Every structure is written in structure tokens, then in C-alpha cells.
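Chains: A, B and C, in written order; residue numbering restarts at 1 for each.
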């Protein structure tokens, strides 16, 4: 809804707008309306919010040129910043709130806006959530323009399109949709556009909130958008035929459509030698399964299937369980919750105290629980393995949600033993199977089955073999090589 | 009543699904008791012969898959047979599917019951399996059909664990002699029927064509899927003959299960518990597909094809199945003659529909085309 | 979409189910509350009863004691033990079944084994042992001397079962029952001798029609291991020639004549001389060949003697009968085979190839 500049309003608008602006900026302590005398002729009104703008640049770009100017038009004397027209009073208000300085041009009788936003933000830092040893060390920050720059540097092509949207009635958050035109399946773009346009909420403080509004399934623990603050991961995804959403004031970009397997893959997989990367990836999948099923399996064995334990191991189990007051289920549940408490606390605590926490946690979980007869030694060992295995999954959101699945399996195991665990697994797989991310199946390329994409699934095949883009994304350009278009 | 889009389709499933579907639908309860019915080592030829015949049958069905009537689903059937006949078929199908689901479930529950939870009330196991099947089925036909890939990946590896039985110290190849049938009795005929019936699973695919793609290349996948099943049957049968010898084999009720319990690793013993549990993937897939077919057949004979499918409808067909399984368990399955009767009934019906349906469809299409 | 709201309905059904049906669990397998039995020892009791005993508590480092009961039925024993002991005895970890030789000679052990076999908790890998003497006495005596006697016994059996090491015939329930039910095969079991202080391997018991008919020991047992059971022997000591052959692998070829009237048995042995205490100079090739020939003759005699005894008792544990099976003809029955077996002429031929005793050994004959 772009309002047209109405020349008829010209005459009366100068003073009228000033009054209206004054009224709007009433009770805003940091709003300033300054009258600036320009040497000889008339004065110029500057309207801005001083906390939003950069005062030094105000001085450099507006005040000093105005002082030096000799009756030139306003727009001609402001040379080192972009000057834009203000077309309506609403536009004026919006621009002020975005860090513009408004000035009135009494000669031409019009209002001009100069963007002098204070670039408050942090420097480019290495990613804290997804660390890699090799690979680029920069990460996104809260400034969306900087983030786009990082992507543009990695993909210096004109087909990398950026479309911006503004969402949130209070937060007025800027959302930028990025994709490579002519490569991505256009369905994704139109679907994403449609979904973003229909978002209606007041505040968006992080990209995950946006994800909650545009994802296909709300009642699930699995994220349908990959959140990452790594520009290289985003660029790779764009190149594969996915789209990326950047949200202002959030260092996390959203990538879609993703599959379940993306949550277990790490950007570093593509930087290592392929056998090594494949091995690591297999270990990650393995540890995903282990961390999910190990404690339930222990509960199933100790509650129902003592026959399955080999005799030497049975000695250990009997010995360690025989003095405990709790059932295996209660023991397992108790320990899982304790571990979660410690994990959660270590996140929220200031870094200086976290060492204390580590010691206390280690003692509580490791030794005291056993000695006080709260948990068996075997369980502590399993607990330790599964807790560490959890951290092998690179996506932190999944790590958190997996605990819920673990508890679900634990309950089923305590009811029905091994068949219970399998029932739980069937349920989880059926659920995953029915999920979609931006309309695309979540378990691709397994179901639906795309055999060709398997060289980048459980193993990470040699890059020279990955000649095509993933088939399940149905990209417009299938080949990664230039020659085969 | 809220509507539930169970039978929607967004995309058709490609050729490789035929491979998985054919293979998985041939692997259910019958493969677990198969050695008891075959017994003699020379019956391995029965598997081969019946497998090849089933191959022919599938080729015939692939003609049906590619016909234009199949792709139209219900409307296609109406055009071929007329409304009345389709309704009669639906009622027949309703009963046949009910029987099949019941026997597949009861058989598997029996297995769970006798190996893992010998003292548990069987009704609980029935309820649990049906509940999880309902959950899978409630995602709709397309999703359930696609679930076959997961069922395949989670179930097919089990066979691999039986390969070591070929290399055991007391497995002598002389246990396989004689290789040709030296005597032929009623039991051998029954074995043949049994195998034919065991291979009959894919017949239900004939009614799912709208969700599957119907290009020309599918016959290749049908053949490969069937081949895989034949190989699995042969592998398991030969392994069980080597392990037990044919004389001991006829005295065992669940040979494959007990063989599983013989597998031992240093970290875990009684691997059968894991194998039997994972076999559930297969059953749940089978039962949920059949549940959807069952509801579909019910809708046809209740003349509700024009209305949308509802949750109540799915739930009530689920209840019908639950109740019928429990009644069957109470009245028939728990006695030996009753169980025999049910199994024989299923063998005969399975074999008959596998013979009849492809032929009927094939001739009907041919007749219409010539008209 | 998933009908989430209807799960409520299903939950109600589930609850009704719970109210309507019996509780799902009637068995408690919680690992800390049970006592998994590792072995049953079965002896003949008074008045045709069975005397069964086991060690409790199994697997736990508490003071152990031997429980024994005289019962009519095997399962009854387990039940009665539960009444006198504070943990429930569970059979799912049963590893050994020791049967007294008296009982085995009287017959009826198949029934005992069947009882074990039909229990779904018990695996088919339970080892079967025949015990000569009083096992209870031995265990009682050992209680104070060594902990976990039962477990170590199991470990020993498992050790010799793996890789068929040719020291003992180790048989589990499955192997035994397979031979019981199959024609042309007669089951065997290991025999152990037990008294107050010792528990040692004696030889192999041969069964026919559910009865122990013969026990083969020492050299005979060694030959038996070579001929059928393991086809491997770690040591074959022949005191008569003051020689030990070691690490012997055997290659047995049996050939039945068409009318089943004769059997030619060719045994090829490959191994090494590991010890020689005799007077002959085996460094010399000629004398070594001579010695080997003597051994061959000796083994041939021993083997024919062993086979003759088997023929007399109508047992065929070597599964000679399976050689009558042909790929393309009808099999003969077990009875028919036994008739042939009884009167069969057997030619035994040994062929020994050994690695001489030179490598690194001191040449004791050099200075003579």
C-alpha cells in the first residue's frame, strides 16, 4: 500500500505536519524536533529520535552541510546519505521509528527523510551454537543487512533474490526471504510468501517464533525449520534449492524445506574427507538411536526380560539393583529428570558458577546417587553414555525434544518391555513420516524413496559424486555442474 | 461428524514402492509358521514353483495396474462390473479382509504371547497392536502406503541374522536329502496351498492403484519384489531344515522363533525377543493397510462413497475388527481344532482370491476392451 | 491429519478395557526380586521320586546354600523351592541340567528335557550333563572353598563348546533333541564324575532309545571326537608309543557299499608331534615313518573295536546312517538301517601326516 505523493497537500502540509508530528511524539522523551537556521534564509526543522540515530553522522551528513550550504536545495546539499521523500504522515511516523531524520524543505515545501540509523550491534563472531573446527568462523548477528551481506558474499549472483516482509503489529519485524531464482522449486517460494503474508501476531523476537506461525504442524516436537546462525550452512542450503528466511534482530536464519536427517547432519560434514565424514555421520545416527533407546532398553531388560542378559552381566545387574528401593522405571525416570535439571541449570547459570555446578552435578549423579542407593551403577553408566550421545546431535532443538521421546519410550518400555519400545518406535516413525516441512515430506529421501539422494544421507559420499542436487527438493536446475544445464 | 481425508492423494508413488509393497505384503504371520507346513526339504521346490506361479500372477496384475480402469479407482470398478456386482464384491471383500486381519493379528499375538509374555492376558497385546495400527492408518492411505519403506527397512534385516545357521557345526547338508519328492500326500498338497496363500498378499494392491503410479515399468519391480520374497522364504526354510532336520521340525510350533532364541551374542542373549518385536513393523503396516481397505469396502457396501470419510467411520471399523478378533480368539483360536480351522480357512481363502482376483480383473478388462 | 481429539475416546476405551479385563501382569520379572536359577541337578530319589537341587541365591554374593527337594514332577520342585526361599526362583537363565547317571541308565530323561524345552523362558542352549556320583555332595563341599561355583562350571562348558576344541563333548538341549528325533542319529551326552572333592570329565555317553547304553572314555573318547564330534583334538596322547600328537585336525570320509553291507572309513589326520618320550630316533625319517605307521595301526585297531561295540549295542552316534541318504531316492527307515548297521563290515584306514618334532627342540639323539 504505497501512498502516492499528493502535490495538492503541499501548501498546508508544512505546518500541519509539524503539529501532527509534535502530537505523535508527545511524551517521548527522546524525540527531538530541532529548528536549524540555515545561514541566511529560512530555518529547517529536524525531527528524529535521538536514541535511534547516530548523532555523529547527523552532524556529518546534515548539520555541517546545511551550515556550509549557500541556499542550495536541501536534497542537493546532503550528499553522503540517501535522501528519500516522505509521502504521508504515516510514512513520516514510520520513518522516524526506523531511525530516519526527517527534515522539511521549505523551498520546495516538502519533507525529506535521511536514514541515519545507529548501527548498534556486535561484531561478527564465531558461532556459539554450531561450532566447527574447520570451515568458516563467522556467524549471523542481529543486524539483518549484515547477515544478507554475508550471504551475498558467498553467492555473488544476481539470481539470489531477497524479498522483504514486515510482520508483527508491535515489533514491525523485518523478514527477508532469500532464494536462488531459477534454481529453487517456485512452489516453495510462493508457499512461503503466502504463509508469511498470513502471519498475524504482535511481536516477533526470534526467528523461531516466526517458524511457529508458518510451520505445517504445530503439535510435534520436531522442528520443521532448521535454525542456524552459520552463513555457510545457509549458502549451501540455498545452493541446494532450499530457501532461507532472515529475521531482523535474530541471529538465527530459518532454512526450509528440511528433512529429519538435516537435524543430525552438521555443516562440517562437507569439509572433512568423505570416509571420515561418513563415519562421523554414522556415529551421530548411532548415538541418536542409542540415546533414545538405551535407558528404555535397560528398563525393559530389568523389568521383563532378564532372560536376555548374559550371565556375567546378570551378576553385575543383580548386584547393583538388589539394594535399590525404586523400580527400574522410577530409577530411570528419576535419573533422566535429574540430568535435565542439571543440564538446564548449567545453561541458565552465569558462566563463573557453572564450574561449581559441574562438580556438584558430577558428584550427585555419579557417586552419591549410587552410594545413597538411589540408582544403580549400571544405570549411571548408561545414563552417562546416553547423555553424551545426546550432545552428538548437532541440532540443539532436537536434543531438547528427544528427552521427551525418551521418556515416552521409557513409559512404554515399563509397560510392555521390548515390544513396547518397538511400538513407541513405530509411533515415532509414523509420526515423523506424516510430518511435512513447507509441504515436503519430512522423511525424504527414505519415504518417499529417492535412491539417488542416499549418497548424502547416512553416509556423506564423495563430493565429486554429488553431481546432482537433492531430488526430493525438485530443483529447477538438476545438475550442480555448469556444463550440464 | 468431522471429516478425515483418509483417501486423498497428493502424488502417486513410483515403481520402487511396488517392490517394497509386494515384498512386505508377502511377509507376515505365514512366514513364521511356514516350515511346519512344508517340513520336507524337497518342499523347497514348492516355494520355487509357487513363487514362479505367483510371478505370472503378478504379471497379469501388472496388466490391470496399467489399465485405465484401475487408475480411476472406484469409478473404474463401477464401469467394469456395474453397481450391484461391486457391492457384492465389497461385502465379500469386507469379510475376507476381516478374516485376514484377525488371523494375522492373532497369529502374531500368539507369537508374542508364547515367547515374550507367556502369562499376560492376550487381549492387551491385541489392543496395543491394533491401537498402533490405528495410529498409522489414521494418517491416510497415501502415508500408510509410503510407510512400507520404513517397514521394509526395519523388518528386512531380520532375515540376515539367519544366515549363520547355514554354517553351524551340526548343520549337515545331508539333512537336506532327499532333494526330490519321494512321497506325496495330502499334507504336501496343503503345503503347496499354504505357500500360494502366503504369497497372496499383493492381491490387495489391485484396489490401491489410484495411489500408485501406473506406468509401464512396474512389472520389473513386481518381479523383483516377488523374487526377494522367494529368496527370503527359501533362506528361512532351508535354515530351519538344517537347524532341526525335517523329522524334528514337524514337532516345533514356531521354528523361526525358536531359531531366533538360539542366536546368542556376547552382549545379549535371546535375540528372538528383539526379532519378534521388530517383526511388528511388518504387521502394523499390514494391519493398517488392511484396516483402510476394510473401511473402504465398508463404505462401498454402505453406499457412502459419495460422502467424505469420517473419523467415526474409521473408528467404528476399527471397533468391528477389535471385537471380531476378540470373539475369534475366545471361541476358536484358543482350541487346537478351532485354530486349525481358522488357519485352513485363511489358507484356502487367501489362495482362492490370489487365483481369482487377477484372472477376473484381467478378463474383465480384456472383455471391455474388445467390446 | 491425525484425529487427535479422538484419542480421548480411545483412552476411555482403554480404561474400560482395563476395568473389564484381568490385569495384564501376573508375572513379576523384576530383576532384583528374582533368583535366576543357573542349574538344576536331578537325581533319583526314594520311591520313584526325583530329587532335584540347586544353589541359592544364585549370582548374588550372599551366603549360599544348597536347596534340595524330593518331588514327583520337575516343575513341582521349582514351585516348592519358592515356598522355602525368599526370592522367587526363575528358570529363564537356566544354563545347565545335571542328570544323575543312574537316572540316565533307567531311561526317561527325554521327558525331563521336554519339560525344560516347552518352557518359553528357557533357551535351548541349556547344557546337558550326565553326572556319575553325588554332585550335591561336591557342591556342598565347595560352598566354602570357592564362590560362584555354578557360574564357573558354566563358563567352563561354554569355553569348550565354542570353537569345538575337542576336549569334551558338550551338548545342549537343542543338539540332543535334534538327534533324538532324527533318524540315523543317536544322541550323546558328556559324562562327569563327581565326588566330595572332584568334578571331572570322564567321557561320552551314548544313548539309544532314551537310555544310556555305553560310556566311552580316554583314547576311545579321543577317537570319537576325531571321528565325529569336533574333528579336532588339541592333544592325542598315546602312552603305548610314548608320544603325544597335538593340534590334530581330522578329515573323515565314509563310504557305504550299495547294499549297506560294508563301510569303509578313511580318516586323515594332520597335526604335529608335540612330545616324544620314547627311545626311537624320530629325527630319522625312516624311523619316524615306522612310528607313524605303528600309530596308524594302533588307531585302526582301536577304532574298529569301538565301532564293533557300537554295532553290538545298536547305537550310531557317528551318524553313519545319514550317508545312506541320497539326493534323488527315497530314504530308508531307521529300523532298516539298524539291521544293516548291526551286521556291517567296517574297514578302518588311518592316514597320519605329522609335522616332525624338530623346530627349536633340542636334538637329544645327536650325541648318541
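Here is the rule we go by: a residue touches a chain if its C-beta (ideal position, glycine included) is under 8 Å from a C-beta of that chain, and two chains touch if they have at least 3 such contacts.
Just so we're clear, the structure is a prediction, and the values are computed from it rather than from any experiment.
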item	value
Neighbouring chains common to subunit A and subunit C, by label	B
Most widely separated chain from subunit C, with each centre as the mean of CA atoms	A
Chain nearest the overall C-alpha centroid of the shown protein atoms	B
Centre-to-centre distance between subunit C and subunit A (centres being mean Cα positions), rounded to whole Å	65
CA centroid of subunit A to CA centroid of subunit B, Å	45
Euclidean distance of C-alpha centroids - subunit B vs subunit C, Å	41
Per-residue multi-chain contacts in subunit C, two or more chains	2, 121, 123
Subunit A residues counted as touching two or more neighbouring chains	304-305, 307, 309, 434
Interface hub residues of subunit B, defined as touching at least two other chains	117, 135, 139, 269-270
Subunit C partner contacts - residues on subunit A that touch it in the complex	219, 301-307, 309, 311, 314-315, 317-319, 321-322, 324, 327-328, 434
Subunit B-facing residues of subunit C, complex	1-3, 5-6, 9-10, 14, 17, 21-27, 120-121, 123-125, 164, 174-175, 177-178, 180-183, 185, 319, 322-323, 325-331
Subunit A-facing residues of subunit B, complex	11, 13-14, 16-17, 20, 112, 116-117, 125, 128-129, 132, 135-136, 139, 143, 146-150, 153-154, 266-270, 273-274, 276-278, 280-281, 284
Complex interface listing, subunit A residues touching subunit B	304-305, 307-310, 313, 416-423, 425-427, 429-430, 433-434, 441, 443, 446-449, 451
Residue ranges of subunit B touching subunit C (in the complex, touch as defined)	2, 4-5, 114-115, 117-121, 123-124, 127, 131, 134-135, 138-139, 169-170, 172, 174-175, 177-180, 182-183, 243-245, 247-248, 251, 258, 261-262, 264, 269-270, 311, 314-315
